[in-house]
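Next come two complexes, and both contain chain A; in the first it sits with chain B, in the second with chain C.
So, the complex of A and B:
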């Protein structure tokens, strides 16, 4: 375990060194991510500026929701997105070979080898939006509430990771899975804008159980604003557990079907 | 002591076949046709510790597939395989700590980092003690005379310099078995010669078992006391390299395809 942590830390340091080798991309990412966030915020201001309540959620809750989604997205971008997004290409062109022949968990290495510090400002901006929502709602922040919210955000970041890995494990079995990237992008965009509480019937089953993008920012928001039910909490924890266990099993199953590529 | 053992090792790939043109693409949306390609066919092989074995055969013979099964990269379709007492495709850390693989066309180095940084990463990966790491880096760097390239980005190295760094990176943890898949591909004659001398020294001094696949007959002839010739996924020769070349001396050129044909001809005429 200590060795794995030391290795992850070294990977992160190496990545920073590598990124700094290209000065433009190092500073460029700060600028690009900041701009993306501002555009997103402007979109929300236009859409939600005229209404006070959506699906029973107040304006403050909506702001917490937007900030939370952005926070989870920021963590995703910093920690694993750029590593995980490359997995299908590495499966297709056989670059995965090198990972499989080295000690340590190949998925762990793929996950942490492309950390992106450029998204750190996104976390601060997201934090500011959440704080704004909290002040509008008049929520009294206590240490247990803060810890609970932080824990839930981290769990939902793990769930986001699970979904990304599951979708990017499919290329072990099929020739091309480009449409999966599109599907994921569309699902995320939709759930970035709409809180899960709005979904009913089929869509609720889809976004709460099958493709649980609907709970990712909704559940931490409910927890912070005091709207969380006991069954909702149990459901969220169960979904994270089931998807995490499935992710690691599916990845191992995929490895058994890895065909590499001719050289 | 046998450290590599395979029995009836077989790998069959399923390949998608599409009729040509737009209509073929449309048809393939509804009805897919697959064919099977036997890449490695009932392959038996035993390798003893300390051997330097040349695995030779033309393109598509199954050499790389065999190496990939021996290193655990891909799972066999059927048959048995044991390397250093492990089933490779279990991908156990204990197994991966004991071997190394260098593929001529796939790099294990980080192109934006320096070789020195990559070596440090490998030190952590393989949990190499400080003294062993320092001793090995010093030894291999001086053997290859590459000290001046240790602190430059890998992407700026020539192919020959990069391949030397690949070999050093692979040997830092003192692997028991070293798999080399076309390590000299694309290298000039001088670099190929240097590579061979390096490998011979590693085999003789450290007792590292080496399995070498190569298109270049010179590599096998100069390095390997034993050769295994593979064609169409089947083993067609397993024995002394000297005998192999004596038998088929009129085909001393670089073309492995001609050697394979010659072996087949000898087999048909009952000469083998």
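So, the complex of A and C:
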């Protein structure tokens, strides 16, 4: 464990050194994603100018939802996105060889080698949006509630990671990677605009069980606003557990099918 | 003129190579309708009318908006220009005997025509899947105005993308602009939510800007939500902006092109 942590710290330091060479783009992700979330706030402000609730959710809950999604996305951008997103291309052109022949866990290295510290301001922006939602809702923040919410956000960040790795393990079998980015992009954009509580029928099954993007920001929001049910909590924890176990099994299974294009 | 027609034709044919991307874009059109169907379905469960829209009118707005957005392909121009300047392949546009901006406009028109075929199919599928009774105006003046505005809007967007893209002569890395601008422009084009739902003061301010009249105003004209006089006003504004943006981008290009380093020559 200590060895892995030291290894992760070393990867982060190396990435910081590389990033300093491209200072102009350092905060690029923050501005691009930050703007996306501000536009989303504007969109819902327009809708809430016409109605009092959407699918039973008030304006405050929607703000917490947007802030939570932004927070999970920020953590994703800071920690693992830029490493994981490259996996299909590394499978395709054989660059994965380098990771497999080096000592240490290849997935661990891929996950932490491209941390993006320029996205850190996204966390502050997200925190401000959540605080705004909390004040509108009149939620009294207690230590257990704060800890529960933080824990749930971290679990959902892990679930996001699981989904990213699962989708990017598929190229071990099919080589093509274009559709992976497209599929993930469209699913995320849809679920980033629609809280999970609105889904009914087919879409509820799809986004709560098969591709659980629908619960990622919804469940922490429900927890913070006191709308969480016991069965909802159990379902979320079970989904994270099942998807995490599956992710690591699927990655190992995919590695067995690696064709090493360059050698 | 013939050479630009040839460029448009070539780009139309070239899209066949990227047919998978075209199909994904068409599916993306359906996703936009899915979004509207789910979100507005939940909202209209408690309301019969919002901001003058019934549920069917709202879905019609998104179907037409998604159709026009799929056909408008100029956003690729920004990325293509800045990448080509960066990797040195822009050199060919400096040596061939054609106006670079018009060349890119022809490319956009060619690609748009091809995407249009799939946009029609995606729209038909969306209507069938979600049982949408498309609310369309029967007024020929409004339809003509919408078509002209959309075409002029494509020219404007191409000039705008060209203008932003050529700043790569000076700054090299335009990734920042490529990621930042689309979400802002998308909102002002009314792709996320009908702009008529905004407070009146904002609607009045937005009427002076071009982005509103590229997709949003034609969509509102086609759904019969605004009258022809509003369309004429939008057309006049769009004409002024298109001419202005074309001239500004031409002048900027002349000034910037001397900074080109021609990587790899």
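One rule holds for everything that comes next: the second predicted complex is superposed on the first by the 237 of 263 C-alpha atoms of A that agree within 3 Å, B and C clash if a C-alpha of one lies under 4 Å from a C-alpha of the other, contacts with A are read in each partner's own complex, and residues count from 1 in each chain.
Here is the rule we go by: a contact is a pair of C-beta atoms (placed from the backbone, for glycine too) under 8 Å apart; a residue touches a chain by one contact, two chains touch by 3 or more.
Treat the numbers as computed from the prediction; the structure is a model and nothing was measured.
Of the two partner chains, neither chain B nor chain C is touched by A:5. Legend: residue contacts after superposition of the two complexes on their common chain; A:140 is shown touching neither chain B nor chain C. In the overlay built on the shared chain, the residue A:50 is in contact with chain C alone; chain B does not reach it.
When the two complexes are superposed on chain A, the residues of chain A that touch both chain B and chain C are 22.
On the side of chain A, the complex with chain B involves touching residues 3, 6-7, 10-11, 14, 17-18, 21-22, 94-95, 97-98, 100-104, 106, 175, 255-260, 262-263. Contact residues of chain C toward chain A in the complex are 20-21, 24, 27-28, 31, 34-35, 38-39, 42-43, 46-47, 50-51, 171, 173, 175-176, 179-180, 183-184, 186-187, 192-193, 197-199. Those residues of chain A that touch chain C in the shared complex are 22, 24-25, 28-29, 31-32, 35-36, 39, 42-43, 46-47, 49-51, 53-55, 178-179, 182, 186, 189-190, 193-194, 198-199, 203.
Across the complex, chain A is touched by residues 13, 16, 64, 68, 71-75, 89, 91, 93, 96-97, 99-101, 103-108, 110, 112-113, 117, 120-121, 124-127, 153, 181-182 of chain B.
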